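The structures come next, written out as C-alpha cells.
Two complexes come next, and they have one chain in common, chain A, joined by chain B in the first and chain C in the second.
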Partner chain A sequence: MGLASRDRGTGRLLNGLGLGHRRQRTRLVRVTAALALFAAMVLPGALVMPAQAAEDDPVTFSVALTNEVDSFNPFLGIEATSFEMWALTYDYLIGYSMTDMAPQPALATEWETSDDGLVWTFKIREGVMWSDGEPLTARDIAYTFNRVLDGGPEAATWSSYLVGVESVEAPDDTTVVLTSKKPNAVLPLLPIPIVPEHIWKDVSEKDVKSYSAEPTDGQPVVGSGPFRLVEGTAGGSTYRFEANPEYWKGAPHVDEVVFRVYKSEDPMVQALIKGEIDFAEGISALQVQSLEGEEGITAHNGDSPGFDEIAFNTGSVDLETGKPMGDPNPAVLDAAFRFALNFAIDRETIIRTVYQGGGKPGQNIIPPAYGDYVWEPPEEDAYAYDPDRAAQLLDDAGYTVGDDGFRTLPSGEPIGKLRLAARSDSTTSVDVMQFFQEWLADIDIDSEVETYESSKLTDVILEGNFDTFEWGWYVEPDPDSMLSYLTCDQLGNWSDSWYCNEEYDDLYQQQHVEMDDAARAELVKQMQEILYRDAPYLVTAYSSIGEAFRSDRFACFQPQPDPGGIWLIQYGSQNYLNVRPADEAGDCDGLENAVGASTASGGSGASSGGGSDDEGLSTGAMVGIGALAGLAVVGGAIVLMRRRATVDDRE
Partner chain B sequence: MTILGRADYGRGGESQEDNLDSASSGRHGTYGRYLLGRCLGSLGSLAFMLLLSFFLFRVLPGDPARTLGRGRFTTPEQLDEFKRTYGLDQPLPQQFLTFLQNTLSGDLGISLRYRVPVSDLILDRMWPTILLVGTSTILAGAIGIWLGVRGAWERGSKFDKVSTGGSLTLYSMPEWWLGLLFIAVFAVGWGPIPGLFPTGGLHSIDAEPGTISGVLDTIWHLFLPVLTLTLAYLADYALIMRSSLLDELGEDYLTTARAKGLRDVQVRNRHAVRNALLPTTTVVALSLGFVVTGAITIETVFSIPGLGLLATEALTVPDYWVLQGTFLVASFAVILANLAANLVYGLLDPRVRT
Partner chain C sequence: MSTASATRESARALARDRRRQAWSRNWRTFRSHRSGLIGLAILTGFAVVAVLAPLIAPAEGLEVTKATGGVLEPPSSEYWLGTDDKGRSVLTLLIWGARISLFVGLAATVISMVIGTLIGLTSGYFGGWAGAILFRVTEWFLVIPFLPLAIVMATVLGRSLLNIVIVIGVTSWPGTALLIRAQTLTIRERPYLERARVLGAGPSHQIRRHILPNVMPMVFANTTLTVAVAILTETTLSFLGLGDPTRVSWGSMLDDAFSVGAITTGAWWFIVPPGVCVVLVVLSFTLVGQALEEVLNPRLGAGR
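Right after this comes the complex of A and B.
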C-alpha cells in the first residue's frame, strides 16, 4: 500500500520532469522499428512481383466460372465444368460440329456401319501423341471404352452411352471396331474422354473411385488434348493449363488458360470490368445488359441447348402394384385440362420479365439448336397467349365455372387449390410460378405457390405428392436421352411427370434403332406431336447463358450452335484453339461468326491490358503494405498503452 | 451477457492476488477433479456428436445418386453401381458401423461429389478459413476490447458515442452487402478511389506459395474479406466489454483502489478491466471454436474456398461424408474451445469448480 503510493508520487514527479517526452520517444522508436521490420519483410516481395510478370510475357487467357470441377478424373466427374477441363486435356473418338453439334471427325477420321447397323468400324488418326511422348493408338481408345464396359465406377458414369454395346476392339493401331447387340441411332456420339492406357493400367478397379487424375509432383496430367493441366484440384478454385504446342489440330494461340471459380456473380462481373479476368461465364441476363455499354467488353446471351418447363403430375402410380399413388389433383390428370393451360401462359412476358430477355419463348422438348428434329405445331394451334381460348377449351372439357366463381371438375366438384411447386433455390422458378398463379386466376382457377429445396422436390415428385412444378432439362446433342425421360420405362427413375403412353414408347423404340437420319427425324417429330397434345410439360423457355469477355484483349470466339450459341462450355474445345489476342485477330482464320473477326480493335491490345494488370498488382501490394503498416501502428500503440502501466509500476 | 456468474467476481476479493492465492493453496485436488469432470463431459459431448453427425444428415431429403446424375443420361443400373461403389446400398445400421469404424481410425470417407478423401478436402479448405475467420476474430477481439474499455471508461464521451454507434451500425449491416460495397469501392475503384485490391480469391494464379511474394499476395487478397469480417464482428466484443466494464464501475473495490492512490489508468487496467474481461474471454474463446465453421456469406462474396462453403454446398447433394466430416471437425473445435474456456475459468475463479 505504502509502496504503491510512493510509486505514484515518483511517477507524477517524473512526469513533471519530462518523462512524457521519453515516453513519446519510446513510442516513436517502437513504431519506427515495427515499420522497418515490416518493410524489410515485404519489400523483397513487392520488388519480385512486377519482375515476375514482365518475364517474356506469355499470353494468359483467364476465365471465370461459377462452378468448380468436381473431379478431374474423366470416369468420375459430372459437372459441366469438369467436362470443359477434360475437353482441354483429352481427345474424343468423335467430335461435335460447331453448327449443330452433329458428329464430326476427331480421333476417328472416318467411320462406317455394317448394313445391319451392328458393327461400327472407326479409322483412327495417326501421329497423335500423348503429352509424355507416347503415341496415341486405337488400343488406348478400346482400353478406355472397355473400362466402362467392365463395370464399376466407370460404368456408373458412362455406361448409358454404350448401352447394347457388346465389345470394343482394336485389331490394329489405327482401327477400332465396336459391336453392338442391336442398332443404336445415338452412335457414334460418344462423349467419353480417351485416356492413356500406359498410365491408367496402374489405376486398379478398386482405386479408381477416388483416383483424382490431377498433376502430381509438378508433372502435368498426361493427355492428348490442346492443353495440359499443370495446377488444380477437384473442388479447388483455380486451375491452370499450359498449351500443347504439338497439338494435332495446330498449336493454340494462347500460352496458358487459367480458370478461376467465383462463388457469386457480382464480384465476377466486377473482376471483368477491372480486367482481373478476361472471360466471365454464366452471368445473368441482367448483368449482360449492364455490361453492354462498358468499353472493351462484349457480352451476350448465348443460346444453350436446354429448356425450362412447367410439368404436371400426369398420374403417379406405385410401380409394384400399379395402383395410383400420391395426391395429384384430378384436374391435372386430364390431358385436355393440361392442354388448355398451354394457352394461359404468356411466354413473352416470362422471357421479358423473369428471364430479363435472356432466353427464348419455349415450345418443345427439343430446342431449336437441333433443327432437323424440331416439330412445329400447325398454325391454328401454335403456342400463343390466349386466355379466352384456354377458358373455352376448359369449358368444352367440362371444367365450367361454378357458383363460387371458380372452375369445377367435370363431375361438378370443385377443383380446389392447385399446388404450384417452385424450387426455392431458383428465383426464376419462383417467379415463373407466381406468374402462372396469376394467369390461372385469370381463367378462374385457384392455386398457390409452394417452394421446395431442389432435393426435397425430387422426393416429392417421386412420391407423386404434387400437381405441378417448375424445372428444366439440359438436352444433349442427340435427342434420344431427352425423349427417353418421358417413356414408361423411366417411371420411378428420371420421369418427373409420371407420363406413360404406349404409342409414344413404341415410337421411342423405333427411333432408337432407326439408322436413317431423315426417317428418324420424322419419328422424333411424331413423338413431339403426341407430347404437345398430352401436355405433360408446358415448355416455358429455351434457356440461354450469359457470357462476357474483354474484347479489347481477346477475340475469335465462335458460337456453338453457330449462329446464336454460347462461346465457352461448348461440346469440344474448339474455342480454346480459336481464341487469340485481339491485335492478332485478323479474320479469325475465316470463321464467319466469330466475335472480333477482322473488325480489328482500336489499338489497345493485349499488351496494354497486361501492363495495367501489373501496375494493379504492385499498387495493390503497396496498399497492402500501407494497410498492414497501419495495423502495425495501431497494434504497437495498443502494446505501448498496455506497457505504460507497467512502466509506471517500475518507476 | 452474464455468462458463468461473472457478476460477483472480484467483489469479495480486493485484488487478483487474493484469488490466485486461494487457488494455489490447498485446492489442487479440487481443481484436478474439476478438470477430470470437464474432460469427461467433453468426451461425452464428442460421442454424442459422432452419433448425431451420422443420423442428422441421413434425414436430409434427396438422394445423392439422383442429384449428381440429373442432367445427363443415366440408367437405373448406373445409379445402383454408384451406390454400390460408395457404400450407399448397405442397410443404414451397417453404414453406421462402417462410419464408426472408419471415423475412429481417422478415415472420414470419400466425398460423393469430389470423389476424394474428405480429410484431404477439409485440410485443403481449413487454412483459408482459419486465415480469414481466425484473423478477423482476433483483430475484432483486440480492437473491440479496446473500444469497449475506452468507451465504458469515458462513458458518454464523443469517443464512446462514435464507437458504440459505429460498431452497432456495422453490426446491423449484412456482411455480404458490406463485402460487395468494399469490392465496388476498393477493388474496382469508385470516383477518385483507385481499385487497389483483388475482387476475390485467395491468391493470384502465378503466386508461388511459401515465398515472401506468395505470402504477401495472400495477405493482399485477404485484406478486404478480413476487413469486412472484422468490422462485422467488432460490435460483439466492443459492446460486451463496454457493458461488463460499466457493471464494474460502481464497485467498492474500485473506490478502494482509488483510495489507495492508484492512477486512473492503473485502476482501470489492473482492477476494473481484469474483472470485466471474463465474459469477453468466454465470447472470444467460443468464437475461436467457431472459426472452423467458416463464414459462409463472406466466403461466397469473396470466392474464398473455405469450410463454410464446402459444407453448404455439400448440403445440396447431400454429400453425407463431407457433411459428417465438417460437422465433426466443427463440433470438435467448439467442444475444445468450450473446454478450454471452462478450464481457464476454473483457474481464474475457484467458485465455478463446485
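Right after this comes the complex of A and C.
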C-alpha cells in the first residue's frame, strides 16, 4: 500500500471517487458562512442575478458544491470535487454505465482477455482529439498507465487499480495491451484519467507534486473530455469550464459549466431559491423536503453507493511482535458480544431522525446498488430492532447482569464503560453514537460517547486505543477494494476494525482471481456472511445525498444508478452531456428516468401547493433571526460602549 | 485584660455593623436602578430554572431514543416550543441548555477573575521589572484578537466542557487585570497605606488587608460584566462546533439548527428561543453589572 493508505480519511475519498466529506464540515469555515448568511439576510435581492438569458448568450449551467478542488492535477487531488473536475477534463479507458456502474466502452471500444486472464487487449477509439488539436492515441493511454506503474506521486492515488500489472504497451495507435502476473477480477475497471503525453512528458517525476494542471496565460488545460477548464485554481471558489464542441460523444448542450463553492448548505439552498445557482449538491434531507414545495425547483435524495457503520476493535495487535496492542474492552473482542449488539440498534429510527429520512437502514458492507453481489441474511436472522433478543444472546454468551445492574464479562468481571468514539466534525456521527449509548443502556451496558477530530480518530484507531467508533465507506462499483479492507493484510493500513479471519482471507484471494462473474458473486456473498456473524461492523445506514436544481431552467439529469441514484458527482461525466435548457428538453434523447423529460415532467412540478405556506414560515424565521442578530449587535455594542466609557472613569 | 477583649469585641461588632450598613446602603442604591432590578429578576428566573431543571423537564426528554415528537414539529400544545430534528422538545433542551450556558459562563468568569485579579494586583503593587513584565503580558493578551485565540485554543485542547471553560477563562482576563492594576496603583499611594508601611506591614499584609478589600467591589462589578461576555463566547464557540458535542447548550442548539438547515426549512422555533435566551441573559448580566458598578464605584456614584 502506498503512502496515502495511512490516512483513512484520504483512503475513503480515493476509494469511492470519494464523497466522503459530504457530512463533514470544517468548523472554522462556519464563521464565514454565518457572515455570508447574515449578508444574505440583510441585503435581500441585492445578490440576485438576472436569470433570463438572451438568445445568443451562452448557456451557463452553474453548480454549487460544498467542497473545494484540492488539485486539478489528476495525480494529486483526493477530494470528491477534484474527481468531478477530472471527469470533465479528461477521458477514461473504461466508463461506467449509468444503470449499475458496470464497465462500458469509453476510449476503449472493446476489450478481450486471454484465456488465463493475464493479458488484456483494448481496442482504442479512433479520431479522438486533444483540445489543442493533437490526436489522442493508444500511446497516450499507455503513457499515463506507465507513469502510474513507475511509482512516485502518480502511484499514490491510482496504483491500486494496477496491482499485479506487469506492463502496459501500445503496439500501435489503436491497441493497448496490459499484461499482469496473476488474474485480476477487478479489471477492466480502470478509472484513471488519461493525460496527453505531449504535454506531460515535460513534467518530470519530481515536478509532478508542484504541477497544478491549471489554465496558464489564458490557455485552457489540454484534455480530451467534454469540457475544458478555462478559469479556476485549486482551493479557489469558482471553476469555469467551457464546452468542447468536438467531443466524441457529441457536443454538450450547455456552453459553460461553472462550479461555485459554498461554505455551508443553507446559503447554498437560499442561492438556489433566489436563482443564483442552478444546481445544489449535497444538501440535507430536511432541505430537500422543504424545497419540494418550491416552484421551479426539483429536489431528491439520491442513493449513494456507500454505507455508515459502527465498527469495533476486534483485536488490535502490534504488527511487528504480534502481541495485543492498545486497550480494547475484552467484551468487544468477542464476536458473540458484537453480534448481539446488532439487535439492540433500531436502524429505522436512526434513518428517520439522524438521517432525517434520507438513506436506508444498513445491513452489510455491499450496498444494494450492487445487486449481484449483495448477500441477504436469512429471514429469522435479519437485523431487526429486538432488545430482548439482544439481551438473550448476551445472556447466552455469558454476559449476564451483575449485582450493580450492569452486565459482566463471562469471567464475572464488570465490563465497565464502553467507549463510543464519534467524529466531532460530523453531527451524524455524534448523533448515532448518542443513540447507541442509550440503546446499550437499555440492555444494561454502560457506555460513554467520546469525540475526536477525524484525523485524530485515525491515529487512535491505528493505535488500537478504542472500543467502537462511527464512520462510513463509499463502495466502488467493484466490491474488491471494500472487501480487502477487512483482510489480515490490511491490518495497520486500511483496516480500521483490526479484523483478521483466515477463512475470509482465503475467500478474498479466490474471488480476486475468479473470472467467472456468477462464481465470484457467490464467493463475495460467502464473505459477507462471515462478516455478518463476526460483526466487525454494525452497518447502520446506506446513505443518500440530497440534490436540488432549477427545473424551470435545466432538465435531463439521469440518475446513477438508474433508477434511484444521484444526479451529479457520479462515476463519469454523462450528465454534463445530458443536461440542457428546460425548454429544449423534449424526451431527453429517450432517457427514461431523466428528470425533466417531457414524458415525466407532469409529476415533478405538480406539488407546489404548499409553497406559500413554507415561504411564510421562512420569512418569519428570517425576521426573527434578523431581529435577534440586531438585538445581539445592540447588546454587544452596549456592553462595549459601557465598558469603554467606564474604563475611562475607572482609571 | 477584660477591657482589652471587650474593646476588641466591640471593634469587631463595629466592623460588622459598618459592613451591614454598607450592604443595606448599597442595596438601597441598587434598588434605585430599575434596569439593574429587572436584570436581577430575569437572572434569578434563569438561575431557578437551571437549578430546578430536573424537576421542570425530566432528563429523559434529552434522550434521543425516547423522543416522542416528529422531526422539527412546529409549536403545539404538547411541545410548546416545537421539536428539534430528533423529535425532542425544544423547551426541554432550552431548560437544560441554561444549565450548561450559565455554568460555563460562571466557571469561566471565576477563572478569568482569579487570573485577572492576581496579575492586576501583583503588577500594580510591586511595580519594578516584575510588574512591567506582567503589564506587558497583559497588554499582549489584550491586543491578540480574542476570538481567533479562543478558536485556536479550543481546537488544540479538544472538545469538552472543561476545556471550553478553560479557554474562555484564560482568554478573557486581561481587561480585569488592567482595571485592577489601575485601581491598585491609586490605592498604593494613599496615606493610610503609607502609614501601614511605616508601622511595618509587609506586602502580603498590605495586599490582603488594605488593597484587596478596596479593589474587591471593582472585581465584583466587573465579574457580572465578564459573565455576559463569557456566555456570549460559549455560545459563539459552540455554534462554531467547538463546544462539547455531547451536551446541550444554547450555542450547540444554534449549531444544530444551522446544520440541519432550520433556516431553509423555516423551523424558527429551533433558532429563536436559544437566541432570545442568550440575549436575555447577557443583557441581564450587563444591566446588573452596570448597576453594581455605579453602586460600588464611589466616583460614578458621586456623579449621580
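Quick notes on this structure:
Methods note: the second predicted complex is superposed on the first by the 543 of 651 C-alpha atoms of A that agree within 3 Å, B and C clash if a C-alpha of one lies under 4 Å from a C-alpha of the other, contacts with A are read in each partner's own complex, and residues count from 1 in each chain.
Note that a contact is a pair of C-beta atoms (placed from the backbone, for glycine too) under 8 Å apart; a residue touches a chain by one contact, two chains touch by 3 or more.
All values derive from a computational prediction rather than experimental measurement.
Of the two partner chains placed by superposition, chain B and chain C are both touched by A:Gln270.
Once the two complexes are laid over each other on the shared chain, residue contacts for A:Val221 go to neither chain B nor chain C.
When both complexes are overlaid on chain A, the residue A:Thr427 reaches chain C alone and has no touch with chain B.
When the two complexes are overlaid on their common chain A, residue A:Val449 makes contact with chain C while staying clear of chain B. Once the two complexes are laid over each other on the shared chain, residue contacts for A:Glu438 go to chain C alone; chain B is not touched.
By the touch criterion defined above, A:Ala521 reaches neither chain B nor chain C.
In the superposition on chain A, contact is made by A:Trp494 with chain B only, not with chain C.
Between chain B and chain C, B touches the greater number of residues of chain A.
Legend: residue contacts after superposition of the two complexes on their common chain; A:Gln289 is shown touching chain C, with no touch to chain B. Chain A residues 264, 266, 270, 425, 617, 620-621, 624, 628, 631, 635, 638, 642, 649 lie at the interface with chain B in one structure and with chain C in the other. Taken in their complex, chain B has these residues touching chain A: 60-63, 66-79, 81-82, 85-86, 110-111, 113-117, 121, 124-125, 139, 142-143, 146, 180, 183-184, 187-189, 194-206, 211-213, 215-217, 219-220, 223, 260-263, 265-266, 269-270, 299-305, 309-310, 316-318.
Residues 1, 4-5, 8, 11, 41-42, 44-46, 48-49, 52-53, 60, 62, 68, 70-71, 73, 76-78, 151-153, 155-157, 159-161, 163, 209-210, 212, 233-238, 240, 258, 260-264, 266-268, 270-271, 273-274, 276, 425, 453-456, 458-459, 473-474, 476, 480-481, 484, 493-494, 616-617, 619-621, 623-624, 627-628, 631, 634-635, 638, 642, 644-645, 648-649 of chain A are the ones that touch chain B when the two sit in their complex. Residue ranges on chain C touching chain A, taken from their complex, read 63-67, 71-72, 85-87, 151, 155, 159, 175, 178-179, 182-183, 218, 225, 228-229, 232, 239-242, 244-246, 256, 258-268, 271-272, 275-276, 278-279, 282-283, 286, 290, 293, 297, 299-300.
Those residues of chain A lying in contact with chain C across their complex are 25, 27-28, 30-31, 34, 37, 264-266, 269-270, 283-284, 286-287, 289-291, 346, 349, 352-354, 356-357, 422, 424-425, 427, 430-431, 434-435, 438-439, 442, 449, 451, 614, 617-618, 620-622, 624-625, 628, 631-632, 635-636, 638-639, 642-643, 646-647, 649-651.
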